[in-house]
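For reference, the structure discussed in these notes is given below.
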């Protein structure tokens, strides 16, 4: 993977996004930067409401209308998605990057059949003169690819007739079928049962390998990230606090938040659970200045309040946004 | 299959509702102070004739017995004799109902398309001037009772700029159109009288518009708010992120789920059109069932009032059934067999 | 862009008073987000003021009633008579304002009976969802809903003596089913909420569950509906009085004023136009206010 | 061993559907619970784990079977049980959004059980509310607030405080932390463990999360489609899971450390979907997804076998070793 370092498919630079919620401004994302290389699997971990999904939606430029882009750019194959003209943006969505949603039951339109939705998506991803029969075959093939039994019947079903796991497979098929290069997976297994989640994760794993895709895997489960990704970014309250090769970060976490988070995860080995992180996630309408974690951080010092820490590389490829990166462990 | 079972189930429930309704309205009509026989025959009728009438109409029997005679008659299609027209109420219905139906159809069906159009426009231009214009006018229009529109239209289009007939009625005296369907415009066309059809259409314009305005704007508002609500749903984000063009999404994937709630309340809208038709028909001298019923109510014509209420009940239930079927066709989730 | 400095270490628990002040401020912000809600509030306030104190505010209080002045009959609007005079020579403006008290009373009486009755029926049916009680109560409700409300109200009003009290009775009789439907919907969805289940499990009595647990959750929906319904009751009331079954002459009512004006239509247009616009404005006011209240109460839940 | 406070024997709960079908949510479950222990009840959707909880608290009446709680059979009482029994068995629900009435203050919510189950005066009860809140680690000012001012974890702690109000000996925790983030879950779980020691509570801890179960339960019971698969002490269970479903479940858990990886005995790839409880397959409910299935699995329901002391499994694979003739 390291030799592909030079070939970047996606680069997010200093992304800051706010939301206007009934006149009060929530400053959610604050200076998020990371890159995804071709063929790389990048994880994005954080607790609910920390801005993971917002980051993914920003990549496809499908943020809700009340979102405000404060600054930053997202370069997909070198082109900024925020300044793309409609045609370029559509092109990027059709063949560049695609998203798998957390809740497959809300990601499919309840009043259209799978066929109607699938065909609409494919119609614009392929040249305009492609005969519908060919598109249909592509869709059926994609459904076979995601291990759906009886794809023809599935095509004529409505979402409510499918189980959660099957709906998620359909969504994956729709994302993969058009030959996209980057998959944005937003907690694809979270709303499913454990054994079904395992199947879905293995399915994505296989498809990514077979089609040589790049992935951003968003999850709150550290286990999913460790098993699936090669590189990970830890997100806290709209900021990235730590990043590096998954193995490095998991074996040697350096940010106080990462350390506390890992201690909270119940382990199968059963050594008990840490006390949890004191305090709450900050109020985004008035987030702490400086490091957003400092009000909850046991090591916090004056400087943490005053100024936002910049990422520091502590080991090759492993960086931490913390003034105490070299003291904490 | 499921559509048919739904219809059968609803019809079963509807019969219970109609029977209950008939009991309510029947007992209500019998508690009128005064003697129904005397009321029917007038104060000058000799006592023995009144007595005979009372005997014939079973007014001297206990209430449940009276109801039994009445409802068995109703089931045979005999609603009793109207004291105003001196004819069987069923015959009156046959004469007056088509005019009302024509009015309600014109007021009820074409405006639906305007409602959807305005709703979609409002959502697409959310918080820009077309949306403001639609919302502002909808507030005013919804706030105005149908009969007030009727009066204002009459004044403006009938008198001040006399472009529409101010005398009312269904058609000008000079035309004579044989009744086939009972719907005047259609009958005139069938009889190859385009001038008569145009004239009948002009007569229809004001009353049907007065009836249509309120529910049209109500439906437009509903469609708009559902469009906006659904626009934030994951499935719209999903299809957008697939690169499907915005206009296709709006026209197809956003519109359909958003109109279903609007369609499902249309049954109630039809009921309110019938209700509002009461006064609008009176204002425009429209020879329909509502005007007939209005006269019956004012002159305490018991059989006619009971018949009209029952008739409206039947129409309401049939309309709702029709709406249910349309909703089932639009929304596949409704076809789902219910599980826990 | 730059957020102002806040001491983020302060405890998140606020005191009750600041919380209430905050809530009030937020509610007002939500309410006034749509500027038209404020217009609604103004219209309704003016209406209430005129309804309660109209007698002392109108130029010709004695015209609200059986006053005759043929010398001034049928005058068009002027500075002396803003809305002109009717064929008895009475000031139309004074009579319109004079009708407000009864209009308001109609709305208040109808809703203050219909809402609680409907609520009790709806809650009882919703709480016993799936049982015989549910089916029976909701079928009766359906019967009342199966006829256009106006038809039923007219039928009832015609059976009784035509006057204000009886027309209120008639409108109330057809209005409660809507509240039954509304509280039925809310209750049957609340039925599966864990806090209701918990109250049952721990042994709370039925009145506690209905009035302490369910009622507060229905309240915002019911209040919103009541505000919006004030407008619709006024429309129905006007329609009934237009048909001659409401308040009887010589006392003024908006519907009957329009009805008598229709006969003199093109010539004495002011007899119909001004009462019509008045109805429009009052109903508009309540509708706008209701929308504002609904978004305000919605905000509280966030 | 400690005193047995709860014994469930052959518990069944069926729900008839309007279309004539029957949901067999719980289909013959035997369990017992000892004073002061935590019994973990693990299952995926449709396993009937919550239904068992609801029958225990009286929300449903059992279709069949016995529930002996401190000597009384409460299987069919539903809500018609004594006040003492209601107070003695308490429940904390899964969804922090729905377990507290959004229109009532925390104090009002906790007052409900106090008013019914204690004879405290209003003033005393208000004091008790604050004491209970402090007991679960919340500042007493929380009492005046509404649920919306609290986070999910705090709301769950309020639910725990409310449950403690009746001074119960047995508490059912129905996925109390599954809607919470791990950092919040940690706080709630640790508090629950402390309270158990302090009040000598018995817990029935329902969850789908095996990693969590490893850290809280003394014994674990695994459910699949309304029937038990395996029952053992937590240590035994994680050392040697026996049932094919249990192995599949354990293999499917994503884990955050390499040490945990070693806890997964054999990698059993997850296959198939969980059937609907309306159509429970005949024989062993798991046979559709089982790689070791034999003809008998399609026909006969497996019965309980004690493989090691206290380690039970419901599977034909283990029956045959003992009595080879039973396969016909």
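Observations on the model:
The chains carry the letters A, B, C and D, assigned in the order they are written, with residues numbered from 1 in each.
What we mean here is this: a contact is a pair of C-beta atoms (placed from the backbone, for glycine too) under 8 Å apart; a residue touches a chain by one contact, two chains touch by 3 or more.
Remember, predicted model here, so these are calculated numbers, not experimental data.
Across A-D and C-D, it is A-D that has more C-beta pairs touching.
Chain centres here are C-alpha means, and the one lying farthest from chain D is B. Taking each chain's centre as the average of its CA atoms, chain A and chain D sit 33 Å apart.
If you average the Cα atoms of chain A and of chain C, the two centres end up 50 Å apart. With centres defined as mean CA coordinates, chain D is found 55 Å away from chain B.
The set of chain B residues that touch two or more partner chains is empty. The multi-chain contact residues of chain A, meaning those touching 2 or more other chains, are 280. Residue ranges of chain A in contact with chain B, taken from their complex: 57, 60, 62, 64, 90-95, 98-99, 101, 103, 106-113, 117, 120-121, 123-125, 158, 160, 171, 174, 178. Note for the complex: chain D touches chain A at residues 44-45, 151, 181-190, 208-212, 214-215, 234, 238, 248-257, 259-260, 263-264, 269-271, 273-274.
Interface residues of chain C, counted against chain A in their complex, comprise 1, 3-6, 8-9, 12, 29-30, 33, 299. The residues of chain C lying in touch with chain B in their complex are 36, 139-140, 142-143, 146-152, 154-156, 158-159, 231, 235, 238-239, 242-245, 258, 261-262, 265-266, 269, 272-273, 276, 279-281, 283-284, 287-288.
Residue ranges on chain A touching chain C, taken from their complex, read 22-23, 27, 70, 280, 282, 286-289, 294-295.
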